Amino acid sequence: MSAERETYSTGVPTQWVGPIRVSGNAVEGEIEVPLATYESPLWPSVGRGAKVSRLVEGGIRCTVLGEQMTRSVLFVADDGAHAHRAWQAIEARIGDLEDVVAAGSRHAKLKEVHPEIVGNLLYLRFALLTGDASGHNMVTLAADHLMSEILSWDLGLGYGSISGNFCTDKKATGVNGVLGRGRNVVADILIPHSVVEERLRTDAREFAELVVRKNYVGSTIAGALRSANAHFANMLLAFYTATGQDAANIVEGSQGFTYAEAREDGLYFSCTLPHLIVGTVGNGKDLPDVEYALQRLGCREEREPGGNARRLASLVAATVLCGELSLLAAQTNQGELMATHRKFERTKGQK
Amino acid sequence: MSAERETYSTGVPTQWVGPIRVSGNAVEGEIEVPLATYESPLWPSVGRGAKVSRLVEGGIRCTVLGEQMTRSVLFVADDGAHAHRAWQAIEARIGDLEDVVAAGSRHAKLKEVHPEIVGNLLYLRFALLTGDASGHNMVTLAADHLMSEILSWDLGLGYGSISGNFCTDKKATGVNGVLGRGRNVVADILIPHSVVEERLRTDAREFAELVVRKNYVGSTIAGALRSANAHFANMLLAFYTATGQDAANIVEGSQGFTYAEAREDGLYFSCTLPHLIVGTVGNGKDLPDVEYALQRLGCREEREPGGNARRLASLVAATVLCGELSLLAAQTNQGELMATHRKFERTKGQK
Amino acid sequence: MSAERETYSTGVPTQWVGPIRVSGNAVEGEIEVPLATYESPLWPSVGRGAKVSRLVEGGIRCTVLGEQMTRSVLFVADDGAHAHRAWQAIEARIGDLEDVVAAGSRHAKLKEVHPEIVGNLLYLRFALLTGDASGHNMVTLAADHLMSEILSWDLGLGYGSISGNFCTDKKATGVNGVLGRGRNVVADILIPHSVVEERLRTDAREFAELVVRKNYVGSTIAGALRSANAHFANMLLAFYTATGQDAANIVEGSQGFTYAEAREDGLYFSCTLPHLIVGTVGNGKDLPDVEYALQRLGCREEREPGGNARRLASLVAATVLCGELSLLAAQTNQGELMATHRKFERTKGQK
Amino acid sequence: MSAERETYSTGVPTQWVGPIRVSGNAVEGEIEVPLATYESPLWPSVGRGAKVSRLVEGGIRCTVLGEQMTRSVLFVADDGAHAHRAWQAIEARIGDLEDVVAAGSRHAKLKEVHPEIVGNLLYLRFALLTGDASGHNMVTLAADHLMSEILSWDLGLGYGSISGNFCTDKKATGVNGVLGRGRNVVADILIPHSVVEERLRTDAREFAELVVRKNYVGSTIAGALRSANAHFANMLLAFYTATGQDAANIVEGSQGFTYAEAREDGLYFSCTLPHLIVGTVGNGKDLPDVEYALQRLGCREEREPGGNARRLASLVAATVLCGELSLLAAQTNQGELMATHRKFERTKGQK
């Protein structure tokens, strides 16, 4: 039905910002980044952070801490005792499950199977390595095969669901951060006091205090869940849209941590992003705008499996740090945020 | 700096899906909806839900339950006693604050001021009516004025932050659902058993059981926060991108509830979306693709203030329901999800 | 059946600790507090905090910010539109509901009715003032009357449940902190640097840093919900048990915030406890041990309604602060926590 | 100081309820259980559930799914890259850490080390097997040794805190349920329809519906965190107090799941309790009342390590199920809860 419908493009305004100076275990250099967004004040805001990065030796250091993609399935047993016994039988045959995954895809590799039992319900959360893909389809396909395999073992289990919401895809939960989903990256920088004062118009102590009061105390009373940041979601959306990612994953992407310290030698500032669900191949990556962006970012090179995606994740994290740094700096001073917005809007209007 | 940079468009593939049959307190008729997404299987999936809506009298009923936009500010006092006394003084002058908001904008109206004190920190969460705008800028501007006004009262308060993360914008929290942020819409439909069986290839009891086991039990063990659905975020992202919304708000948008009941006369199915942050005017709404979409949706008509935005929010909710219904139906049957994906991908490939 | 069974007493070891120096809007003086606990190291720990309080002018300032007790009920409608219309009708008759509550009890007063609709389900959360009682029974009785009244109005609603878990009693949730449940108290103190160093063997900056890293960052990654403290639950359990409270309410009581600042004139330290569910009359308060404790605490005096309970809540908060201060101080120094435990255990053994 | 103070006993009213019929992998038989509580209606309520258990073959089946006790420590590095490298070095020497734990205690065994990095902060969560003890002191002692060992490795780490709140002790979080803390037990029963109707005055379908609407939908809108039950905390508090447990652990104990299904052959009813932090030896277990209770429960027999504690945990779970079953049944019928309370209070008054 839908195949007959016309497909057209909705154009999202895009600018390349930077370059950002970055270093780390998956990227090195001065690199511009694309931001596709209807919220154009984001460009100069990230741009200011990028400028700061270029004033610091090594710039923003990005460390990829881990990676995996996940899908959970649901089996139904008669009762808790049967669910438990079934899980014990499955746990004893993890090797067989690894074979099933390997047989279904050249790129996928089973990393972990995590169970949880509620009454007679058995949830299994599969974690896979998925190379340079974000891995949505790879894990769903693997889960399909794994379910069929397990059901064939006659453990007294019935089909519950191919997705049991314990994955967890595009919902705000605690499990993703604890067990991992996507690429986990920490980006940080030590900014000399002089740069803090001249470029960010604040000082390290005031800045660190704001991070505590807003991102931690404020988020706590808001009832935030594994989330302590000002606006990760804005940078994630713009970067994801420009590079063909499934931007609905900014939901879990928004759950991450900004942490700062006022040190003797400057402002230590960090953004930790535990669930960057990004890939450089797969669905949506062959569209012209997307291909252009990925290539210009240097994420379509010959690298070891996952190398391009880890580079991409590092650049996302660095970009998030730039935008977070800039907004928080603005909020340390009364009136600055609105003044900047107004100025930028006026500039736009004059064009 | 950024003004000199080139701005281009990233094209996001878009189809109009439906029409969806809808009724309710803000919309009535059979209306097609635009979905801009890199995940093209979403189109036939929402399309299947739309088909179901047209087989039911009244289709999907959308009830707008409430609306408001929020921003929180942070004041710093000497201690808890002073913060408390300051709040009491502010509470006694809410009328003055209403005047400040009214003076700053024709469209904004102060609806509620909600305080929370932590030690010596006083957080105030302002809720405003913002007409047909989503209201991001309106509440920030109002918060700026309100802060200046309150600081001028000499209550022993100092400036903390123009945004205290108790708003809460684009982060997964509990406060938004409890106190409200954006437009709150419930969409529901009663689907006759025959339609459930023929169009959704399942039955009402199995379907309702899956909703419980996946969306409620599964989400619960995932540590979800005020979230019990399969994939609200997918439909929200696509609809928001097509209509020029700030799609980073799908973070809180993803927090909503799918609830179903197997009844004698069919499957009762509902999607409740407490935080739809959408507008028909404002930032990004004057781009050609966006204007076209909003006009075709009938959301640029002459209506009472907020009427266009409520119509838009209702259509978003109906679209979410269509996609949610379709995916859940697919997951009641082993293997169906993957088979559908494969079929759709193949169709695409053959073109 | 149970009436024929033997009832005996399980003895929980109890000591009076302090006195704590306190001031504020509900209590003033130097007052000893009772702690009934199997974890005897709690006594010297709270004792150390009490000692610190006596070295500061005004001691610990306790500010009662608000109070109420809550119960939610659940109604079932045909669909969301009917649930919405029913709520509008109820909202228009809040005065009638206030009369129902007033007629059912001399002490109870309806303060707020907060609705939430999910599909066809209508949850109403009633907040009541309950005088000096914690109010569990008062709100359940009121809810029973309110439900009957509302059902008699023929709004198309059916009975769902007398308690809809939106109350929320003895479960960890976000709603209680946002809308209020129990007495909300902030306790704080400004400790001169000399006292911090001599009595707490740490300094203000190190202490404040630990609060951030442990109570905020650590709690955040743990996926805590409106909770940022070290061990509120320990003091609450001991105080509640000694004074005949329903100690299962430490579940929500444990959700509260420790916040500190290193200032020029000392360490600012605060504990904010939004849900202290305590009373000086009602169930369990007539047992001899309990009566003795409440009288010795000065919580059985002639005061305005709620005055005794607010005094009690203030003392609970001050006690929590003492224990929190002491444990955090110990954790700033490597090895101190275990050394203290060992020393205390040895002392006990020698007796 | 405190050693000179008088210690006396606060008497908490206690009854033995049941017997409960139980079976499973750690307990078998008909066993009475002690409940120490100020809330005396709890006794007949649990008693009604126990009665139901005796009408079903096999009674309540209790399956212990896992066990461990946890403590997290906090190290501070210069930045994220150094924290990451330090963790890699630690991960390569887990064997050394196992030796450290084994050397420090005959009963403790290191089971898992789980890391999380935020900026320059490295949190390590140690999970230990602790035999028949709940293990609070054992894990703190082990953490102390482990920290010293790791700091001696010169990895560029500094001491942060002996407890980093990622443990998580007595706070409501997501991490405990996902990674485990305490003993994880599922208790379930299949109750014939006749028993449901005669003893619980309801039917299976209505009952299951209430569980969904109240425990799942209601908890979801309350912003509950890994919690879907009516009142686990009440039974936990009473059982813990009667058996000398550290009842502050009901905070995490309250996070568990009630799940029910209306089946052809009856009502399937289950309570899953992922974090029962209980022991039969250790602090507080040598008090006369406690020793009596543990012995009468058969939890001081010669068994394999952990066997007594697993038996105890199973009995706790069965008791929770009895109380949960009874309360939910009462709430299916309008007015029953209050009527029962009143009747029980009257009976008490007549004595």
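Lettered A, B, C and D in written order, each chain numbered from 1.
Methods note: contacts are C-beta pairs under 8 Å (C-beta built on N, C-alpha and C of every residue); 3 or more make two chains touch, one makes a residue touch a chain.
Everything numeric here is computed off the predicted structure, so don't read it as measured data.
Although chain A and chain B share one sequence, what matters here is the overlap of their interface residues, and that overlap exceeds half of the numbers used.
Between B-C and B-D, more C-beta contact pairs are found at B-C. The centroid of the Cα atoms in chain B and the matching centroid in chain D are 37 Å apart. Averaged C-alpha coordinates give centres for chain A and chain B that are 22 Å from one another.
With each centre defined as the average position of its C-alpha atoms, the distance from chain B to chain C rounds to 34 Å. Within chain D, residues 116, 118, 121, 173-175, 177-178, 217, 219-221, 223-227, 257, 259 each touch two or more of the remaining chains.
Interchain contacts join each chain to each other chain, per the touch definition above. Looking at the complex, you find that chain D touches chain A at residues 24-25, 61, 63, 65, 79-81, 83-84, 116-121, 173-175, 177-179, 186-188, 190, 223, 225-226, 257, 259-261, 268, 270, 272. Across the interface of their complex, chain C is touched by residues 174, 177-178, 212, 216-217, 219-221, 223-228, 257, 259 of chain A.
Against chain A, in their complex, chain B makes its touches with residues 1-3, 5-17, 34, 36, 38-39, 43-44, 47, 72, 74, 76, 116, 118, 121, 123, 137, 140-141, 144, 147-148, 151, 159-176, 210, 213-215, 217-225, 227, 229-234, 236-237, 241-242, 244-248, 250-251, 254-255, 283-284, 287-290, 293, 331-332, 334-335, 337-338, 341, 347-348, 351.
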